[in-house]
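Paired with subunit B in one complex and with subunit C in the other, subunit A is shared by the two complexes that follow.
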Partner chain A sequence: MALVEVEDLRVSYENPVLLGVSFEVEEGETAVLFGLNGAGKTTTVQTIAGLLKPDAGKIRLGGTDIAGRPPSKLVPMGVALVPEGRRVFPALSVANNLRLGAWVRRANGSEVDERRELVFEYFPRLSERVDQAAGTLSGGEQQMLAIGRALMSKPKLLLIDEASLGLSPALAKTVFQVVKRINDDGVTVIIVEQNVGVLPYADRVLIMEKGTLIFSGVGDEIQDANLRESYLGKAEE
Partner chain B sequence: MAVETASRGPAAETGETVEGGEPSFRPSPIGWLARGIVWAAIAWLVLIFPLGREAFELQRYSEAVIFGIIGLSLNVLLGYVGQISLGHQAFVGIGAFTSAYIVTEQNLSFWVGVAAAVAVGGLQALVLGGVSLRITGLYFALVTLAYGLVAEKNIFQIQELTGGGLGQPAPKPKGFESDFRYYYLCLVFLAIVLWVDWRMMRTKSGRALLALRENPRVASTFGVNVRLLTLFAFVVSGAFAGLGGALLAHNDTRVSPETWSFNLALIFVIMTVVGGLRSRAGVVIGSAFFALIGYLLDKFTILQDGLNAIPGAPDLSPEIARLVIGPVLLLLTLTLTPGGIGQQIRPIVRWLTGHRFDLKDRGLKEVQISDVRA
Partner chain C sequence: MDRLRERQGQVITAAVITLLVLVLLATGEKESLVIGVITGSAYGFLALGLVLIYKSSGVFNFAQGEFGTVAVYTLYLLHFDVPYGFALLGALGVAVLMGVVVERLVVRPLFDAPRVTLLVATAGVALLSIAVQIWFGEATARPVGRALPTLDRFTVLGVQISDQRLLLLGALAILAGLLAWFFNKTNLGLAILGSSQEPTATELMGISVKRLSTIVWALAALLGGLAGVLAVPETGGFAPGVLTVAFLIPAFTAAVLGGMTSLPGAFLGGVIVGVVEAVATSAPIFEDIPGSPGTLLVFVVLLIVLVARPQGLLGKAG
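== the complex of A and B ==
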């Protein structure tokens, strides 16, 4: 069953950016959105997250049309975004960053505590930094905090924009492994990426170019050598 | 599968915790004694020193305390949310006239007047913010500027409210008729505002306000209603400003329409920035300094004498002095110490609250000019 259905999505700033994008992501999948800069990947996830209003098209979450709804309505429905560049709040502590992530669940203190413990299970390093200002964390720790913060809202759908941006290959791999574990725990994930190192963790691959979707494949389809070389280049070993 | 990072941040390497302070550090008995002496000196300066002063001096001290409240009011909007109000004199002025009107025209008590001024301040902000907070930054500043001018040219000209050119009498409350008692009353109100501000910033909404200032777009991705929260901050700011206005009115025992010009709004903004955005102590000190500029010039004539020695230099009346000294201090603040007085005194404040004295500790993230989205 598809958790996310995007149908003929059109978005523009001053000029059209998305020219009619359609795809589906099944519940429990990890989908990876590839493409060069300017392909429309970030616009796509930001529109799903409610940060941008589409000009046309539909976005369905579990069958409900959510296109154009603001984040304050979408987060309680289970949509969470890890923004590009991490964007943690540098002056706030790790604990307070996490509490902000649980904004929509703030009335239920015990649930917030449970979510925090879960985040610390995924990222033990954060539990050691709980009172530390987020701005003093390393890049990898900040990425973990950004993902952990998004998990605090108990999402069904986790959107991650450029998970590996600015991270070393080893650290990026570690982050991908945790994302896979989050996915295994039942969260559907859509990752925007330019790093093909994420491929082993992907159930579905979507490739965008100039505002359109040029490839959508699952399983072995993406492992086809020609496809990899045509669209993604060779993975770094 | 647990994750350990390959790299460690600078704080990890030094073992420091920024928000958590230095858990292992405890001052020695001598250290506590030294802190106690400084605290006692501050208490003497604030509580005892004014006792033997002249009435006009006590009025200026009360004004300094009230300016502290107004500075804190603007700090909520400017420091916590990053929005400039260029019409704050309207909120303060309307608070002043409201309280004076309630006491003089309606023969109700000072306490009712103050409560009404707080309510009207909050209500103004609610209405103005409800209409205008769809826009932010420079455009919001322009809306508040326009509101200040509307208040100056229209609301403050309503004879029934303001008493016209003569102004509205605003007697001091029963039991606080003497200037020194009124000074202590103002101190109590300042303490209450400081406490409310401190409590507010420790709530979930307070943390969300800080997140809004840092990045409203990211904050909204957690479901934070940016407009609603900004409106909340504006209402709190308006309520504090109304309180400040009411106290100012009764301090001077008369409130006149010509007091509330755009110049005053500029002074309010400058004193808050020079004091140091998000630093309560800095904002109170900066605001008090701007309230006392005229008094200090009278008291310490060196500056005035120095200016008089310069051929063609203008006579530095208190009003002019604020407008001359203010921009100079603002320029120095923005270029040299964006965190203002609060940034400068942070090592002392930290030391006084039991931390190690560290001159380099000027805060994790200095206030940036870009904090103000205008």
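== the complex of A and C ==
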């Protein structure tokens, strides 16, 4: 069953940016959203997460239309976004960043403790730095914290915008591997990437160009070497 | 590198405070130390409100002092009829109400407007508040009672302190502790800090930043109210706009000392400004300066900080 169905999504700032985007992501999948700078990837995931209101179109989560609902409604329903540029709270400690991540679960202390243990299991490095101000962490550690913070809300759908940007290839691989584990533990993932190193972890590939979806494929279609050549050649840095 | 810079701020702050205390003890200005800490804490509370609003709404709040003046007026009106403690609570309640009303009627409609528009609007609120006070209360100074009318004196570490001041110092210590607890240990306090650092990320945690804005203005108004009811009875009387006229610049200096970003820095800055002002007012070496040397010295401190360390004592550069 499709966990996420996006149908003819249209979003604009001053000018139209998403010109009718449609795709589906099955429950339990890891979908990778590729595209050049300015294609509309960030706009897409921010609209799904409720930061932007669409002009038209539908976004269904488990069959319910959630288009236009704010994050304060969507996070409790299980939608979490790791934003572009990480956006950790720089002057707060790692522990307090995670605590704010659990805002919608704050009434249940033992659940929050469990989530924190789980995050530390995924990212042992964070557990060694609980009292450190997030702003003093390395870029890789901040990315881990941003993902961990999003996991604190116990999402069903985890959206990650440019996880590997600015990371070394080795560190990017580590992050992809943890994302794979998170996905194996039952979380549906949509990850925005420009790094084809993520391909081995993808169940589905979506490719955007100039505000429209130009490719959606699963299984053999995304193993095809032609995929790299025809669509992703340009995306490779 | 960042941590080194933070440390540097702490070292400078510790040095400034130690120097001040040593000078005061050496020159026999112990009384100034007590008065300075009390007035300075009021500056500190006002400065905390300024910093909170600056970080949440992106403006310097010209109406910050008026939250305090309105509280003092309410205290004055109520303390004839009800016990002092209830009058205090009523005064703080009215200040909080004013904060919420200003946020709803002025700040929220200007959510997407340029910040300079909102800046002018806060000045408008201050002027309106003062005009209303003059209209209803005439432009005369009024006395306002203290919590403890008796003047029993104690000697603490060689300083003569009245029980009123002892009560104040105790209340200030408790309030400072409560604030530190609120911002470090509660979800709401952390959310306010978070939204001042990364509003979008705060939203993404499922926290409504707009709703937080109301809470921030209410809290800033409470702090302004506290500044008013703590400090004004110490001075014996008040006139319309008293906190705007006498407290806003020192509080701004305190906020700048804290780099307009650091909450502990703003509060400490307030205490430093208060002590400097009290010493300048009473120390014999400043006697030859005409006018009010206290105010003058506050401006000197403000200029020195703006030129030498614009990021403030505890604030970070950039």
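Rule of thumb we're sticking to: the second predicted complex is superposed on the first by the 233 of 237 C-alpha atoms of A that agree within 3 Å, B and C clash if a C-alpha of one lies under 4 Å from a C-alpha of the other, contacts with A are read in each partner's own complex, and residues count from 1 in each chain.
Here, contacts are C-beta pairs under 8 Å (C-beta built on N, C-alpha and C of every residue); 3 or more make two chains touch, one makes a residue touch a chain.
No experiment lies behind these values; they were computed from the predicted model shown.
Asker: Put subunit B and subunit C onto subunit A via the superposition and say whether they clash or fit.
Answerer: These partners clash in the superposed model.
Asker: Output check: A:Asp185 vs subunit B and subunit C. Expected answer is one of first, second, both, neither. What do you get?
Answerer: neither
Asker: Counting only touches as set out at the top, which of subunit B and subunit C does A:Gly140 meet: first, second, both, neither?
Answerer: Touch partner of A:Gly140: subunit B, not subunit C.
Asker: Looking at A:Asp113, would you say it contacts subunit B, subunit C, both, or neither? Reply first, second, both or neither.
Answerer: In the superposed model, A:Asp113 contacts neither subunit B nor subunit C.
Asker: Where does A:Arg129 make contact in the superposed view: on subunit B (first), on subunit C (second), on both, or on neither?
Answerer: First partner only, subunit B.
Asker: For A:Pro71, select first, second, both or neither according to whether it touches subunit B, subunit C, the two together, or no partner.
Answerer: both
Asker: After superposition on the shared chain, which partner residues are touched by A:Leu171: those of subunit B (first), subunit C (second), both, or neither?
Answerer: The first partner, subunit B, only.
Asker: Just checking: does A:Ala91 make contact with subunit B only, subunit C only, both, or neither of them? Give me first, second, both or neither.
Answerer: After superposing on A, A:Ala91 lies in contact with both subunit B and subunit C.
Asker: With both structures superposed, pick whichever of subunit B and subunit C touches the larger number of subunit A residues.
Answerer: B
Asker: Shared contact residues on subunit A for subunit B and subunit C?
Answerer: Residues 49, 51, 70-72, 74-76, 80-81, 83, 87, 89-92, 96, 99-101, 103-104, 106, 135-136, 149-150, 153 of subunit A touch both subunit B and subunit C.
Asker: Which part of subunit A faces subunit B closely enough to touch in the complex?
Answerer: 49, 51, 70-72, 74-76, 80-81, 83, 87, 89-93, 96, 99-104, 106, 121-125, 129, 131-133, 135-141, 144, 149-150, 153, 168, 170-171, 174-175, 177-178, 181
Asker: Spell out the part of subunit C that touches subunit A in their complex, as residue ranges.
Answerer: For this pair, the touching residues of subunit C are 2-3, 187, 190-191, 193-194, 197-198, 200-208.
Asker: Applying the document's contact rule, which stretches of subunit B touch subunit A when the two form their complex?
Answerer: By the definition above, subunit B touches subunit A via 1-12, 16-20, 204, 207-208, 210-211, 214-215, 217-225, 364-365.
Asker: Which residues of subunit A touch subunit C in the complex?
Answerer: On the subunit A side, the touching residues are 49, 51, 70-72, 74-76, 80-81, 83, 87-92, 96, 99-101, 103-104, 106, 135-136, 149-150, 153.
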